[in-house]
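Before I ask anything, here is the structure I am working with.
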Amino acid sequence: MLMEECGVFGVFLKNEANVSPYIVEGLIALQHRGQEAAGIACSNFKKIELYKKSGTVSQVFNDKVLNEITGTLGIGHVRYSTKGGSSADNAQPFLIKYKNEYFSIAHNGQIENAEKVKRELEKNGTIFMTGSDTELILHILVGKLKTPPHKWTLEEISSIIFENIKPSYSLLILFEDRIIAIRDKKGYRPLSIYEDEYGHYISSEDCGFKFLNPNYKKIREIKPGEAVEISKYEVKSIQHETNEYKHCFFEHVYFARPDSNVFGRNVHLMRERLGQQCAIENPVDADIVVPVMESGFSGALGYSKISGIPIELGLMKNRYIGRTFINPGQTNREIGVRRKLSPIIQVIKNKRIVLIDDSIVRGTTMKRIVDMLKEAGANEVHVRIASPAVKDTCSWGVDIPNKKDLIAQKNIEDIKSEIHADSLGYVSLNGVKEILGSEYKNYCFFCFGGK
Amino acid sequence: MLMEECGVFGVFLKNEANVSPYIVEGLIALQHRGQEAAGIACSNFKKIELYKKSGTVSQVFNDKVLNEITGTLGIGHVRYSTKGGSSADNAQPFLIKYKNEYFSIAHNGQIENAEKVKRELEKNGTIFMTGSDTELILHILVGKLKTPPHKWTLEEISSIIFENIKPSYSLLILFEDRIIAIRDKKGYRPLSIYEDEYGHYISSEDCGFKFLNPNYKKIREIKPGEAVEISKYEVKSIQHETNEYKHCFFEHVYFARPDSNVFGRNVHLMRERLGQQCAIENPVDADIVVPVMESGFSGALGYSKISGIPIELGLMKNRYIGRTFINPGQTNREIGVRRKLSPIIQVIKNKRIVLIDDSIVRGTTMKRIVDMLKEAGANEVHVRIASPAVKDTCSWGVDIPNKKDLIAQKNIEDIKSEIHADSLGYVSLNGVKEILGSEYKNYCFFCFGGK
Amino acid sequence: MLMEECGVFGVFLKNEANVSPYIVEGLIALQHRGQEAAGIACSNFKKIELYKKSGTVSQVFNDKVLNEITGTLGIGHVRYSTKGGSSADNAQPFLIKYKNEYFSIAHNGQIENAEKVKRELEKNGTIFMTGSDTELILHILVGKLKTPPHKWTLEEISSIIFENIKPSYSLLILFEDRIIAIRDKKGYRPLSIYEDEYGHYISSEDCGFKFLNPNYKKIREIKPGEAVEISKYEVKSIQHETNEYKHCFFEHVYFARPDSNVFGRNVHLMRERLGQQCAIENPVDADIVVPVMESGFSGALGYSKISGIPIELGLMKNRYIGRTFINPGQTNREIGVRRKLSPIIQVIKNKRIVLIDDSIVRGTTMKRIVDMLKEAGANEVHVRIASPAVKDTCSWGVDIPNKKDLIAQKNIEDIKSEIHADSLGYVSLNGVKEILGSEYKNYCFFCFGGK
Amino acid sequence: MLMEECGVFGVFLKNEANVSPYIVEGLIALQHRGQEAAGIACSNFKKIELYKKSGTVSQVFNDKVLNEITGTLGIGHVRYSTKGGSSADNAQPFLIKYKNEYFSIAHNGQIENAEKVKRELEKNGTIFMTGSDTELILHILVGKLKTPPHKWTLEEISSIIFENIKPSYSLLILFEDRIIAIRDKKGYRPLSIYEDEYGHYISSEDCGFKFLNPNYKKIREIKPGEAVEISKYEVKSIQHETNEYKHCFFEHVYFARPDSNVFGRNVHLMRERLGQQCAIENPVDADIVVPVMESGFSGALGYSKISGIPIELGLMKNRYIGRTFINPGQTNREIGVRRKLSPIIQVIKNKRIVLIDDSIVRGTTMKRIVDMLKEAGANEVHVRIASPAVKDTCSWGVDIPNKKDLIAQKNIEDIKSEIHADSLGYVSLNGVKEILGSEYKNYCFFCFGGK
């Protein structure tokens, strides 16, 4: 039933070019938000056509497909891997025909009141053809607006969604002649809009515009509670009233691409700043700072700056991995993490190491990394996490395992022992408050044990 | 006719496990040496079986294949992408049946006197079924040793190869009950051997042993002019006389994996040291050091250390790229390099940047990176290359384009202008001599304009 | 919106074996009813799992899939190729979760009042996630029965369907612990049930039971208006009142497999009998009877028996065809039909031929066959069709082109000239009446111009 | 080491069209001669390019490939499935570069003295890169003709091959500007040539020309011992002396397509005539003649004509089969043959059946068919084979199992019992002599126990 950590991308071109390659390029830039499935829906003002399949964007699309699915406006989606369920059917966008008109929807987020809305709808005999939260939005829209879709106004659509669907959602709706983008009132997930001489573009993260333009002029975030409509060729926006923001701090810590700007801040710089804060809160006497590449790199830069301890490439990441071919049963050796991360002995040997990563969830991988560094000759391994400890699950789209599997349910000493580290330090929530200042209240820290 | 920049991996197990998953794991660790094709040949002491195909290791192999191609000893090969020719036929290893006995061969390198040997053999009516240099070695061996392969001794095989085949080659020959490894007398390409309680392993680079063992005990290089034979269960070695080494310096600069040790030195540390030397030779007043990720990272660490200019993540690499979907004809915008590398504006803007990469070949990509940084707001871009300039082609296995296409055929000022840089600096050959000391004479610097 | 000419197969096993391979074998036997897509849904009494994809049964399924989709009861579907629409989404069975319970449906037929029912449902805000008629049945069921699916009785389900859904349909519904089979009151499409010591089996055609048993004991047709429920381990049946049958005569002429028995008659024998009737109605002085293999073979046997003219292999069918590689533009020659059917010159030359096929739709192919026979030396070609002329379209599941494209809209003389035949004869509807006797009134002859 | 039962096709176009689609169409017509692999080699007068892969012609080729492998002249090959060996490497044509010139070869047949020639060549240090007999021909040619290939004359090539290579072979050699076709002096395998206004075509069987032309004008067999050269744009032919023909009678009985003419006779008519002879030699009192479709159809027509017993469709062949999904271990039922052949009960029940097939090899399948007919209610099953009994293996290209596995090693009574038949009859070699008359001596009957 989860539909989290996805990415959406929409384009409305002003010229005669085919829109589908643009959407695909945007989805490639958002690929880090979901690798399970990808899809696009395009309209030529008369008909909407859809293509979606399991796989990464490069696996799903090719020139043949892009020559068949053509149009002037369109939306796309990358889907995060979830367990169970018939995944091909849950791939997005969805395409619906109502009263002889097509419309299509793509959604990033997880609806808090999904089960409640569903039970309500089922009472009236509504059936659900997919396991996706997104289908709810369709039923709500159609149930309230029984006119043909081309008559539905931006006001009506956004009001109905804001009234009935609880966050989180950053969603795109494609009609035959317009695109509507809606971001929930709490602003859980990012959503940005960009215009250039060739068209309008909407993207989950603004890194999606990079292939068009390396600087960030004319890019702005769609605001929490804002609904935008792009038609031929104007942009209309409605701002609904909202009283409290709930930006997902995990977007900064883990999801978003380092070169993206989310919630008004660059992600890499935020991670670097968290690394600095971690150094302030958890100083240690050591020889080198070693990032767990690539996730720990920004934080390590920050830790190094504050501590003065030089950053070194102590752990190399193997670009080519895929699944393991040697069955653990075939040998007495654990080889999983060794294929992905390689210690550089000459850097590590006899050194006291500050090992930096962005987060620890279960702790299994971290223990293996610490072991590997020690096997490779490290004298001490001090683990530093450039974020607060993950202590709880999430109902707004972050795929966190059961609370009892979270290592941060234990106390620091126990975690330290369990991961074989010589010391361990996180960033405190107070530390984060220092970084964010007055904006701290606009973020959700639920999974970090915040209120 | 080129067969360069490949990787080989061999295993002889002491226990009952199936050898093929081990070879495949080794090839994954060597994947950076060639992504066009992969193959393995395994022997169960009675028969050798072969499987090879175009694609990366993960694409070529799956459990079904590994359950069919089984044995106790075997060899594998990853092949670098070359233009033209019927590539599937040139994939390695080759499997040959001579006098009712099978043997198989896998080769990393390029034979200097290939054309001459080929013309000689053709005079006697030899035909070549592939476009690969490697086939020559087979014809020479069989032409000189007309007895069945199981009678061929390590002495005979290595003497014939050393007498007739000019470097470069690091090669593996699999017979039904033994593996022979031979490294040419100049030592152009690396080759290492490792033993543990489960078996013997041979790999182009010692990073191939990492999945077995993260520390480097019991690993040694096979020496130039050395021939090694692994049988049940002993290792025999013959050292042929050799008067001059010619280690390929490009292995340090570009080919080898940073965590590998080639020619007795760790590759990452060598690159870092080259970055230091570059800083010594080419100082500049700047605000940040920005590596072209990932190739320039080691050099950038070195440059930063010497110069005191902090290293920053100014250019992010997109992990998910593949081919471009937008045809340049469809738009007036150049998007290629922008998909792969993303500037982080907040890091770059109004900064004077030292941009570090490992090498420049044609200069086209470097120009686009410089342009992109300036578009993103950089005040100055000073390009620093952590190696000497590439000025010539190679006959021993490095795939360098025509001499006239090499930008370093021009003078520094012209190159600087062409790539739109504010300044440009390489490491001098003298600088390299300073790093290598007395070992300098053991390296080949032909492509760097060395003697 | 069409969903015709499909096939369904269901199995409820009594023993511990996995049901999915049985369904797949059944679908292979029904493959002639649809080659576009195939799917199965299986229940292990706790959960229903689904797998479906575009392609033939052999392309869609493999051992890996069958080991993942397991259970004790299940249903399957093969889908006929239709134009337009997002075909993967329309593949069946459909899997629905309602009130936390799964159920699945597979349908063969076309719902006469689909558009009307759809408009009605849309008025109440129902949305349709697929383009398939089958979805309607789901909405109707859920709309009327708002309790959880396990409470729905055979009586309720069948009554609701019979009251609201107009034929044609032979459908299977899979619940977690039972299978329900329903055949419409007119009996348009066939549906049979079979029991042996291992389980119960339901199939569109009884040829689906052949892999289990080559004789026809314990096989019976599910009757028009009958609803059957198979649970652990009993079969319950309800017969709803019905006043008029409408068996599709095209099942005999074209759809069904010759070894099947539909509507109480063997298909091959019916086609042979039609060939006999054609000979009675359309005698001609000729040398040999040549069937258009394989569709005309049964009819040709009948024509030969009555006329005394020997049957000969004058036209061979090439088993290996697929699409044409030579573009007609590349050459001045028409090659399509020549690849599929080959005249045997020595059989044909200087002969007066009676050419037998099962039907003519547009007439294009028949013209080419006649031309080819004449080019190969035939003196005369007398076309005889072992069925009445196809003069109209169908709303109950037969995919017939627009009325104006049907060659039988013209008179016999014009058709004869257009297909270049020396004479032409069909079976008359009166002839069919003679064959069927009192059962004639139980069949639909709408597309043959019948009432 | 076997390379039998393949098919070859060559085209030299006179106009500007691309030759590769023509070769592919020809290979589709020859697909029955081999389904394991397919390949083509095409020349544009400057360079020869090759494409080959495992799979059927339709699986191997698509428009993309045919747009890449282009030219004016070319050859193709379909390969029969053999066990063991690295099949992809053995796919044909082979492409060789000798003295900087390309040439390519495709071969149908099996070389009788292959092992002897191989041992001879190995003595001189020749190595074999494939397991194919065809490679021998290359080594012999190059070993004798050390000049560049463009200097090799038709006289030289054919003389060397006829002197050194023992039959069987029907082979095509493609040079950059000509095609050479050679048929062995015994004429074991068929080979035909055809010319029309667009080009010259060579095919293993003349059915390969059907897509171009349905009548047989301007088609002739290449004679045993004949060598033909097609260049721009003339055909040159050399007839070498030959003293004895050895046409493979199995081509008539089993290999060739019914509409082909091999050795001057139509295959279908020969099979029908064998069926007649079988009726003359083995009369029986019965109700119906039932062919094992499709292989027994021609023979059954013949048996029916002589015996006066009507032919009936008692066994239907299922077009869609592929591999079995139900593991025999999963059930106590044997289902293999039941999926492929379906009895039509109403035709068979209570009947005395003459069951006709083209041959029996091991007898396992025939026993199952007889059992199935009896299970379906047949009173008697009299097996009649429209060819002599297969009693021996073959060294010239027919893939017959070990002598001890041939059921015809037993006497008629034992075979009859083993296959559960009520009676059994073959055609005698004397009967074949009666059919062939004076040409009998020109055929090889080795596998039928002939001299």
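Read from first to last, the chains carry the letters A, B, C and D; within each, the first residue is number 1.
As a convention for this text, a residue touches a chain if its C-beta (ideal position, glycine included) is under 8 Å from a C-beta of that chain, and two chains touch if they have at least 3 such contacts.
Molecules present, by chain and UniProt name: A, B, C, D = Amidophosphoribosyltransferase.
As the structure is a prediction and not an experimental result, all values here were calculated from the model.
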item	value
Intersection of contact partners for chain A and chain C	none
Between chain B and chain A, distance of the C-alpha-averaged centres to the nearest whole Å	36
CA centroid of chain A to CA centroid of chain D, Å	60
Sequence positions of chain C contacting 2 or more other chains	none
Listing of all chain pairs that touch each other, if any do	A-B, A-C, B-D, C-D
Partner chain D, residues of chain C touching it in the complex	17-18, 21-22, 24-25, 28-29, 31-32, 56-58, 61, 63, 66, 198, 207, 210-212, 214-216, 257-259, 266, 268-269, 272, 297-298, 301, 305, 310-313, 316, 318-327, 330-331, 333, 335, 338-339, 342-347, 372, 375-377
Touching residues (chain side chain C, partner chain A) in the complex	49-50, 86, 88-89, 94-99, 122-131, 135, 138-139, 142-144, 146
